[in-house]
Structure formats: C-alpha cells, structure tokens
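Heads up, the thing below is written out as structure tokens.
Per-chain numbering from 1; labels A, B, C and D assigned in written order.
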C-alpha cells in the first residue's frame, strides 16, 4: 500500500522535477552555447509545445479530439497583435487579453461542439475553426486579410527591477518564452492534478458513468475546451511576438493538425509529452530542412516507423516501461476484493 | 453578401449553365474521391488521411502517361493508383487496424509528407498544367445558347457512370453485399466463411482506384502540384460527414451539395467563399448530427 | 452412428479468454454425427463463449477438434469453410441487407464440396422465407430473424450447426415450429449443438445434455437421465 | 412513508411496452430483490427510476420529492446510487482515482473554482475508506481496467457507495462470478446495507441467493409487476413459476 502510493507521488512529482530540470538546462544552454540555431528554433519549440500541451488538456486528459484548435491559437495571436499595433495597451495586459479572448471564443464555439461526440465533435471544431479563418481573411481592416498583420509588433523594453530588457534581443525573447512556458506548464499541472482534472480524466474514460455520479460530462467537456482555448491563446500570442505579426495560416486547419501530431509523438498521458513532441517535430523539421528541401520524405519515414513500431508516444512509452518494472517489483500488495470478501465471510 | 449578382446570374441562362456545369464537375470529382474515403472508412474503420495524396498521384500519373494516349492514360493512371493503394494497405495500414484512430491518422499523415515529396522528386516543385487532352479540343456543346466545354461533359458523364456503377456494384453483386454486410458486422461475415481481410484489401484498392480516377479526371482542369491532395481531402471529409459516415449514397448527395454551394455560393456570397462549405457542415452537424443520410453508425 | 472414428466435433480441455478475463475453464464436450446435443446453463454461464470457441471468435487454449482436425486458433472464416455453421444468440442479421442478400452472403459448398442447401430447398422447408425475400433484415420480427439466420447459415452447407439460444424471445407457437425444424435438420444430416435457457424446449429436441455453470461443465448425460435429476436441474438451472 | 414510491410507471419503445403500469413502494431500510426473465424490463425500470430514460407515463416519488421529471444528476444528488450489470468503471484510472472522482462529483467540489483547483487529501482519504468497505484498498493504485471482472464489479458498487446513497440500485451485482464468489459478494453487500443504513434494491438471477438474502422480492415479467412479497410467498406463486419455467412454451 505505502509502497505504491509512494510510487505514485514520485511519478507525480517526477513530471514537475523533470520539467524544471529541463527548463533549467534550457535556460542556461544559450548562455554557454550561444547558437543562432538554438535561439531561432528554441522559441518555436516552446510556443508549439505550449500549443500542443493546451490541446492535450482536451485530447489526452478529456478524450476530445479537436481538429480546430488553431482558432484559439490564432485568436491569441491576432488579439495580441492588434492590441499592440493599434492601441496603447501594454504587453502584459495584451497577453492577458489574448488569453481571455481565446478562452471566450472557445466558450462560444465549445458550447455547440461539446454536444457532439467522437468524429462529429472533431469535424464541428474544424468547421468552426475554418469559419474563424474566413472571418480573419475577410476582416481586412482589422486583421490585414490575406497579408496578415504586417509591419511588425512594437515591443517596448520591459523593466525588471533595476534592469531594462529589450525583448527584441533573441536571447531575451528566448528566456521570456521559456519562463512563460514553465509558468503555463506549472499552472496546467496544478489543474490536471486537481479535482477538476480528476473528473476530466473520468470523462475521458467513461463519460456516461460520470453522469451517473451526478456530474455533467458535457459541462466538464466545455470547461476543458475553454481552458485548452485559453492556453492555446497564450501560445498564439507568443507566436505573434516571435514572428512579429499574425498571419492567416495561424488559423488555418493545418495549424490545427500540428499539435495533434506533437501530442501523439510525445505522449498523451502527461503534460511534458506534448512539449517533447513539439521538440521532436519542430526540431527534426528544422534540422532536416538544413540538409534537404525534401524534409517531408525524411520526417514521413520517421513517423511511419514510429507508428508501426512504437505505437505510443515517447513519454508514455517510458512511463509504461517504468510502471511495468515497478509492478513486477516484489512487495506489491495482493489484490482481489472478491477474494477478500470470501475470506472475511 | 451580393444577392444582386446572384439574382442577375439566375436570370441569365449563360450564367446558370456555367455555374451548373461548374457545380457538377466539382461535385462529381469530389464524389469520386469522397466515395472511396467513405467506403474505406465504412468497411475498415480507417480514416485515411493519405486519400487526397492518391488523388494527387492520379493526376500526376495521368499527366505523365498522356503522352501515350488519353484513353490509356486515364485507365492506367487510375489502375496505377489502385496498385499503390494495395501496397500501402498490405505493407503498412493492415498493421494499424486495431490501433487507436489517431495513430491511423498519424500514419496516413506521414504518407502525405512522403508522397508529396516523392511527387516533388519526380515531377518537380512547381505547378504543372496539362491542358485539355487533344481528343477534347473541339467546339463546346451548346445548352440553349450556353457553351459547355466538351471535356466538362466528359467529366460529368464519367462521374455519373461511375456513380451508377458503384451503386450497382454495392447493391447487385455479391462483393457489394459482402462489403455492406462487413460495414455492419465484420465478425458475422467472417463466421459465414468470408475472408474479411481479403475483402478489406479489396475495398482499399477500390477506394484508391476511385481517388486516382478523381485525380485523373481533374488533371486537365486543375493545376497539378505537390500538396494538391490536401484541400480535396478536407472537402472529402466534409462530404463523408455531411452524407453520413460510410454511406456512398450520402457521399453522392453531399458531394453535389458542396459542388452547388461552391458554384452558386461564390456568386451570392463572394466574401464568404472559403467558409461556405464549412458553414454547410456546421449547419448539418448541428441539426442532423448523423449526416443527411446517416444511418447512425457510431464511431 | 460415428463415421471415421472420433466424434464430429470435440472440445477437450478448452479455456477461453476475453482479453485477460477467462470465461471458460477446462471445458470438454463432444458432438457425434447425427446428434442434437444441448448445452444448458444460466445467463452468463459460458454457453455463448463455448460456441465462439468453436467458431474461432474468441482466444482459446486447449483442443477444438472437427473431424479429428484441430481447429483451435483458426480464423473464423476458415472454421466456417470446414463446415461449422454458427447462429449467434443475438442473431446478427445484417439489418441493411434484404433477406435474399443476407442469404446470398453465406453461399458456399459444404466441407465435402457438396451443395445440399439451395434457396429453393430452404424456401420449401421455411415457407416463410419466400414472401420475405425483399424485406430488409432489420425490419423483420424476432422470430423471422431467427429463421432467416438459420437459413442463412445453412446456405453455407455446414455439417455442424451451432445454435445459440434459438428460442430466446420467441412466441410459444414459433418455439414449437423451431423444435420441428431442428429435428428436421438433424434428419437431413446436420449435427446440432444447441444452447438453451428454455429447458423444456431443449429437453424435447436434444439427445444428450451438458450443463455449464461459471465456465465449468458441471453435468453430462442423456436427456432422459437429466430428467431424473431434479436436484441438478434446480441447482444449476433454477428449475 | 415509503422511501421510493412508484406509481403506474410505463415505458414504451415504439410499439414495445418495456415497462407497463408498474406500481410499488420501497420502504426505507428494505433489502429487496427484483427478479424476472431476460427482457422482463428490469434494467429499463432502473433507467426510469434514475431519470436516464424518459417516462411514457407514471410518477416516481423519492424521499418525499417528486422526481418523475428530474434530471439524472438531480436524482443522484437526491440520494439514488446505482451500479451496473457490466462493470461500469473508469478503466484507465487507478482504483483510488475512480472512487475519488465519485467523491468529488458527490461533493460537487469541481464546480467551485477555488476548491476545484486544489488537491484534495480529505477526499482521497474518504475514497480510501470506501475502498476498504469493499476490500479493494490493496488495489488502490492499480488501473481499474487491470482488475478481475469480479473486482471491477465491486469497484462499480464502490463508486455508487461514494455518493452516500439512501437508495442503492444494483443491477446483477454478481453477474459473471463463481457461485462461491456470488455468495460472498452478496454477503458483503448485505453487510454494507446494514452498516451504512441504506435501502437496497438488487437484480439477481441466482434464485438461491435471492431467496436467502432478500426480505422482499418483486417479480417483473413482460414489463409488468406480477408478484411482490416475502420469499416464502413468492416461491409458491404460480405466476412466478410460469414466468421462470416458461409454462405454456411447449
């Protein structure tokens, strides 16, 4: 009993520990090894990692496959971009409003989508996302239409106590993205380990049974949808800062597909899994494109091998290995309530 | 919204006929691709992301084979795609029948990446355009005073013939009955002595053939480029959802519906052109969550 | 009665599993040529699983011998082609196919290559079939579905017929007709393994009986012997 | 006053009368069985009581409140818990998380953002206590899906117990178990009934068990309540014997 409980909390703490260790390494790395490649690709990995992690609140933790998650990513990006370009709202407030805007959009769209299940849910999320896309490319005065929000996003230097940090510097931006990613990860971790997160997983496993426990599976799905939308909005806002604009392809459906594959590659049973998936997919693409323009061929072949041979996400594979080793360890308690009832009788 | 333009169009034979033929060729090509997707999904439960890439391969093969002869190119290209489909199914896809749906998507998405790059290697990065085959370089056919290009008529005829043929295959042959029965209950079909694995492979080949044929027919009227399979893939998914999962008749209705929405919607709502099809899907899903002709198959 | 030595169908020490859950424990039973054997037991006792073990629809350990050939682990369609006709409990008619189409799917020669059953012959034995030909399977009543699934299975010319609870949910008059039909099939050379909860029906048509409970065979004997064992009937069948 | 009062309850699926004009009253503290052949309408009756299937006609009064048209959630929170014929649990979650989820849902803690976001040591402790009731505490950290069928059935019951129901509906709690396991499980259920002061209605096919443990037996046949009474009266009831033996069928 105590043995396995201990194991459980180790696993639980492990994710945070590993996450923080990885973050510390990532924070120090560019200081000792200032590579342009790293400063270039690093923020992309982090932003896409947060995006994939946000999707996983739905996909892995609630069992909902959204094909239209780019809508909230794009909403975050455009909200931040428009606020920073056209108003006097500051960076911090713009980030908050970008998250809020994305969550609000998710609330409206999610309200309709969570009524449907399985593939129908997926297709309806796709439909709404494409409608958002249409609005984005047509609302030219606000969004810049096909061209996107061009002309860059003015980012004023940020004052941190005695220091003034110019976020235009790639290193500063890298560290900012990293710290926001860590914050998002820790917040998401608190959420998925909470009672709410517990019920989300219950919905994922068996939504009908949740209803019989007196909780609304639909309401829980909607809350996961909104939370995922908010985190996606953060990712989108960061992406807008990174590229200095917001573009229609942020909202296009191919942008919705990317985080799905990141989650699948990294593993859907943890929050770090999607980040790992983003690192693999973005990193591999960046590396492969340096050598060949036919990156799809190489990446595709890797993915085919991955699906056929590994069949689960990388971190899930590792966790499963670890668990089966732990389960085989001696000292595990006997099970069998029915048998125990027989003895008790 | 531009209802004035729409009113003007419907009052002119020229415009109506031209939008009508456009609706039909869009719808019928889409039907060919989507019916294959629907069959594969209905019988095997596989959502094949690479289905659009098979369409692309059909177009490219037809482009390359046209040098020989149009008839040969059409038949050989579609059959070639069917063979590619068979290879994909036997070598890769049969290993993921029992895998979660998302892993099937990941695998077939990987095919898209590979096949697009293969297309780049063989046919280059740029758009290629093949033009109307010589056999169809002839005066248009007039409906009233409105001209319809001969090749458009060819697409419409082939599309309708294939639709009818597919319907006959599914309803009038033993193979068709087995396919429909396997979509409902593959275990029982196996218990009656039918090799369901062989049927699945057959269905995948048929689906690939249909996608390839769609590409072949589209090649002369659309630009051909790596990645051209993507947008028709999304539209095919929409057709399958609108028509009801696994229903070929539904796919026919759904595909034509999309053809019409695209052709006439672009006149009436030019500002919403990109979104119309998705609005249609949202409307269908919100009012009839199992599709227009859906039989209520649960995923 | 027996030809070619051993029994037509024999299960020897069969364990069956659904995933990790074991549903049958060391089940052994035999069906000889020309026999009707009934497997009795309550809901969930393991009757359907026994049938699925023969039909190749569940993972088994142990031997399933058909005419002395071990068929355990063979794919379902191979078992069917070797002459086993399986009529599942819930009938599993193809609802979107017509009756004629349902029958057509199963058409194949028997294990000896012979064709004993044709649609014409079946329509003669099941007069109800002919007028139903064009009706969709899903639109039939329970009794009609039961007869169609039996007829469908016969189109494959099996020499072993597995009938899983054929009387369930049928009106008394239909059950009576079913009894006559089962006997007629036996007379035409089909050996039948039957499972039932309707003890009366079972004891009327069968030659021998097995009782299964919690995945274990608890009793084996002729129907006449079983009739004289009220204790056993009460314990396992709540009769 | 009866805890559960069912009056003229009917349910038709198209032309098929699944439950037809059923009336009965379950007294508080009762330990009763609902029996009847397959397809008699027992599960449908449960679905009607818990509000999962709309009623064609009739009323249901529970604990003084009319719950005829209340939502399934309300019915749960008013105190009707339910376990299922086929173990209905959360297979990928640990056994403890399964019950903890039920505790959270029962307390409606997930709906209060401040409580929802915090970890819940007290809730886990309560969940563990519930697991001890059904002797599954040793399996607390295993995935529910890895339990044996019988243990999953117990976990299903534990999920219902975590809701602290006044009335517990058990649909074939011993289905698929060995005879000895069945008896042990029913004995456990009866002890829980006594210790927790619940009212229990269970569906069961094993007549030995039914006639041994139930105080009251109700018999459903073709959707109608054909008999109701103590075991002694039911065992000699001609209608019941017919329903089970299929008199008149051949």
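Observations
One rule holds in what follows: a residue touches a chain if its C-beta (ideal position, glycine included) is under 8 Å from a C-beta of that chain, and two chains touch if they have at least 3 such contacts.
Every value quoted in this text rests on a predicted model; they were computed, and no experiment measured them.
Ranked by C-beta contact pairs, the top interface belongs to chains A-D.
When chain centres are set by their Cα atoms, the one at the greatest distance from chain B is D.
With each centre defined as the average position of its C-alpha atoms, the distance from chain A to chain C rounds to 53 Å.
The centroid of the Cα atoms in chain C and the matching centroid in chain D are 34 Å apart. Those residues of chain D in touch with two or more other chains are numbered 148, 177. Across the assembly, chain B contributes no residue in contact with two or more other chains.
Annotation for chain A: no residues touch two or more other chains.
Pairs of chains meeting the touch criterion are A-B, A-D, B-C, C-D.
Put simply, chain B touches chain A in their complex at residues 47, 92, 95-96, 99, 101-103, 105-107, 109-114, 116-118, 120-121, 230, 234, 237-238, 241, 245, 271-272, 274-275, 278-279, 281-282, 285-286, 289-290, 298-299. Contacts from chain C toward chain B in the complex involve residues 55-57, 75-77, 80-81, 86, 88, 92, 94-97, 101-102, 104-108, 152-153, 156.
Contact residues of chain C toward chain D in the complex are 20-21, 42-44, 167-169, 172, 175-176, 179, 197-201, 204, 213-214, 235, 238-239. Those residues of chain D that touch chain A in the shared complex are 50, 52, 72-73, 76-77, 82, 88-94, 97-98, 100-102, 104-106, 108-110, 115-120, 123, 134-142, 147-148, 150-151, 153-155, 159, 162-163, 177, 180-181, 183-185, 187-188. Taken together, the chain D residues at the contact with chain C in this complex read 38-39, 146, 148-149, 175-179, 205-208, 244-246, 248-250.
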